[in-house]
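To keep things simple, chains are lettered A, B, C and D as they appear, and every chain counts its residues starting from 1.
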């Protein structure tokens, strides 16, 4: 059968108005169903005719999935809240500026106006071998084209490769890991809450998924506890173009600094592994240390320990190292 | 049911990427069906009278006979551990129990290879490679046994096996072929994942060749599910307990020896250090009774012409 | 200035051509008289739809008018606008939410019409570049600003850029040049005319302020 | 008041801002159906068998078009469909259906059995002794002049050639093309400093915003076609030739083109597909081209792997330039490298120079001219090396360019041809002034936090015009001047701006000028291609000539009616009148009616016999509608016309990330008389932005194992966005008229690209302390590896990354 990457094949579109109805539909159609949030990732798959769901479940008409509300001392953000809203909401900007910064750097204004926080977190990898529809491990085959000896893998991972060397493309993921957010997932089995860092899974666990979401699951809410509200934040996304691009490496950090000493630290990077990586070792190493260049230098070195670059992405080591250093410096450049 | 998983390669050519995992269920179901069938027939079959041969046996035969040396047992259990790890890491993720399995899988695979290399060397040096040979006579005996089993009548007692009965040999050889196929393909497949030994190269073979490799590996994998199910089943069957025990402590009793083996085909003589009925290993010699040449311990010829 | 319509409108080429080319369906005309996305002879027309899935015949609010239109479940807004409603202002430069040429306003917010399922914007206000001019033919201040700055070269990107400018000056009538650049960063211009586009956009903001 | 030099909004702008401007995909016709393409999945293959039965049986599917049904061409040229695809993505067949989804579904169901054939992506690989060839039979097309031979042959280098090259240096085996000027050895003997560098310049797609969609139908034996094309008259003629039709039987309507940059000069081979399909199935056929397809069939600038040896005297004078270029000619072969050599000779006026080159076919999409073909590559590659020499010799970087730059006596190329004008030193001086070079160059290498400042300068020459085309104007009884333009409209505004030459000759205000363009049924004159910076030059001349012709006729009519000799009458303000008595004269409207009455040459019943057949047909069709001015550009010219643009840039390079921010950019042109300042600025800046893309981001990536493209979308190909360019850019123009053209204007489309690219490669090298990485694009990975002293991500000659 010939290849054509144009025009979406027919599907049935469902627009449920409640989470329960949506879950019923997903259960009814199983693997033939497709959860449609902002659609910014979905359209590519469907226009490329690689994914051909028969039932598309649009979450756009479920009011409870939208909006930002205060809860306890934190925030609850509906998964269908647009990135623009996340980036500009005053509760987010004032207390969790890290997240608004990250959301504001996603792609372009138009994409942020439509793309959702849940979608940004749950999007698939951009490995171009995989997205070309090639039968790689992630696509259910038995090969990684991107790590072949001559492969073009500049954008691929330096950590966590397990057959697959793709990276997670989400900008908001690291911010939420640094903020110790919880992801609320609904399915017909009920509701469960997953730590942000555990929401993302590596290819070792399941090579065909980026997150814990399985068929029939819906990410409904992102809960941000007050733990890190108003902390010292740093977010940076290094990309080839300043709009419509994915991070080559991005870093998000939250620090509580007292008298020049780092009391608590959380730091996560993306673009370096098939999942956003929380840097526990760095956190441990800097906690209790003075916030100075020496600490930052050491942290950068620790961050890239154990990295194994591919043919074309050795540059991600110094890049990640330098970004981690910046994230821990007092004065961001 | 699909037997193969196929995909379009980057040039949109149809290639095999492996077997259908439906075959895994087929193996499980097939294996279970066999076990149930066997169990039912065995349950309905009248027990063969235990012969009095034991009593009449050669008094020189010790009460405890070493069936598996410590080294053999160590090999068996090590191999079984690696095999289980391989099967679990291969198939559990397929049924929804997710974990990072690849590294464990290939390390276990290397473990399996090492145990097999050890086994082959040991078998070559210390054992008789021919002991697993299946000749025409064994085939005939084996056929009689199966027919007998199916007719629910005890097998003709006229011909008893040497150390290894025909079903053991068949099982051993089948498993050996399957395992070797899995290993050979598995080693090739390691070229496609990250290991400390070499840089990944998925282009070592052509797409078509890789397809065959994956299909063979998959087939051997699912075949191992069935064969190992059968193996465990027989190991836990009461009438086989004496063999299972021997794989734990190494010995079988004189009674079992005489009941199940042909002393002519598996010659057992007390060793120099034997204190009748004592724990010391008996001297076991192999070969035809008429030429009882001394052979090293555990090395025996079970070959019949 | 030359009469643009005289030169560009295919409907004025002559009697024979006029009878042949219907050209674009005038804004406001009944939709779907020339539905190029799917026809009754298409296998798509015969496809059964599952119970509970969307109805194909819907009403859209486009440029202030109610338009009845038959929309496939998988249809994007750009396709509906261009091929069913005759609104060819939004352009398909990439069809992948990357270039912005298809930008339209949905309830005043700029979005990529190539990457919106038409069914998801039922009940929302859709504005295309065709809807900016006032009924008396007066250009929108943003359009006027672009004309006054001589904006754009090939202008394939222009409808998208202009819609983003409209959304921006509505939301922030007093942007800095840098803020404006960020607001327009979802639109691509391959002629590289960004300098002039930014000049136009800043003038547009000025006009919008003046009007307010 | 003269229109030339004024900012006047082009006449199509309102249509552009209201969405009324119709591009190819915006046309509709009753009964219109859709074509979709089946593309080759392999970089080189042969179609063994096609099974389309399932597709053709689908309701709504109307037909299939195979390679044997489309106009055939001789090797090595490209047909619009092929059974031996030579690159991944080459169109193999087309399907027509009542709607696009059905057409796509139908393509989905076609089974094609392809036989894979050997392929090659990198010309250096093809040059290896046993390297693969892109075509069956060879890697270049051998067709010596004056011979019947026309065949593919293999050009190979020896193992010794490869071994002779030093580590990381480009080997230099036998070239296919070679020319030299002066004594190269003597040149190097005189040199106090010799630099020898290996350079890689990427291939990159044109990526116009508008994909080359096309709609076509037939009526009364005539083909009506709406392609996306840069040129109007020339494309129509090309289509007629390809389709074996009388030119009168092709009506091309394409008043707008959404960018081409050299990729749609006379349309595209694929525009024939809807035309042929429409003839076959009897329905109007729209073929919408998507972005992937556009990347495949949309042309690209050939990449270079090159080695350059340059000798400098202590004072900075270039004594010898030895350039060897290996060019990736793509699937159908196309060459820029000769132009690259010519441009290098012009930029530096070396005492001696040699160009050697090999251009080979590869199994990658077709190449074509891309804005500044050859020139943009070579200046982006060489300017940082000139900087390196300046630094080593302790000379100011602008001064070394001033020293070597050509003036009106400059020469170029193997024949040492002459120029009509060159005011490079003036442009450099103006650029230094506007940019503030003296002050900015002192910032060079300074740090702003983690950011290192770099300043750069680039000089980019390119051909600025052709001659010999026809102008055609009509003064109608409404008193307006109608300027008919056969050139295209891709946003340069030259279809309007060149009309000013006729308006000014006739002294007519712009509101009484109508431009007629974009539709061959409107009777257009023979014109240049809308490409290669020709049109401002070629068509100010042609329209000037037509204006003069109309003016002469107005004077003759006035003399006929009022007596005296034509020379006694002057033209202005929409009237022709006696020089001594303003009342003794008539309006243009009156003159037009008189011309219609007088017939003959006045209203197009007779005309000059040197007009092109296309112009003749147009004049004949317009005859009797007014006073017609029609003339060929016979102004003559000695030497060739070249335009120069100098670019100045200031960048900030983040030493921790390798990211480059272009903070400032100024470019100044020597392009003769300025016709339309704002449009000129747009060309200078727009070309500069495209140059930034070349220098910093745009890429073309192939998987070497499969020969399949990856950078075929915007975000993977990375053309610059609005945040990747300075917030404000400056410009200037020397404004000295070219003495050999009546209006004095030279073309401006091409050279800004090289100026932009070179200013950035130069500035990045400066920010790196003078280290030339000798590769484009200079992405942050390449820069960071250099900063951190790590191994470069790509080999020194590695291409398509």
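Criterion: contacts are C-beta pairs under 8 Å (C-beta built on N, C-alpha and C of every residue); 3 or more make two chains touch, one makes a residue touch a chain.
Every value quoted in this text rests on a predicted model; they were computed, and no experiment measured them.
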Chain pair with the higher count of C-beta pairs in contact (B-D, A-C): A-C
Separation of mean Cα positions, chain C and chain A [Å, integer]: 32
Whole-Å gap between the CA centroids of chain B and chain C: 72
Distance between chain centroids, defined by C-alpha means - chain A, chain B (Å): 48
Interface hub residues of chain B, defined as touching at least two other chains: 10, 12, 203
Multi-chain contact sites of chain D, meaning residues that touch two or more partners: 41, 100-101, 105, 290, 703, 705-706, 708, 714-715, 720-723
Residue list for chain A, restricted to those that touch at least two other chains: 1-3, 6, 8-10, 132, 145, 148, 242-244
Touching pairs - complete list by chain label: A-B, A-C, A-D, B-D, C-D
Chain A partner contacts - residues on chain C that touch it in the complex: 44, 47, 49-50, 52-54, 72-76, 95-98, 100, 103, 109-112, 114-117, 119-120, 164, 182-183, 185-188
Chain B residues touching chain A - in the complex, by the definition given at the top: 5, 7-10, 12, 15, 17-18, 93, 98-103, 189, 192-194, 199-203, 210, 214
Chain D-facing residues of chain B, complex: 10-13, 203
Of chain A, residues touching chain C in the complex: 6, 8-15, 25, 36, 39-40, 43-44, 46-47, 55-56, 58, 60, 84, 107-111, 113-114, 242-244
Complex contacts: residues of chain C adjacent to chain D: 1-8, 10, 13-14, 16-17, 20-25, 34, 36-39, 41-44, 46, 72, 74, 79, 82, 86-96, 98-99, 101, 128-130, 132-133, 139, 143, 146-159, 162, 177-178, 181-182, 184-185, 187-198
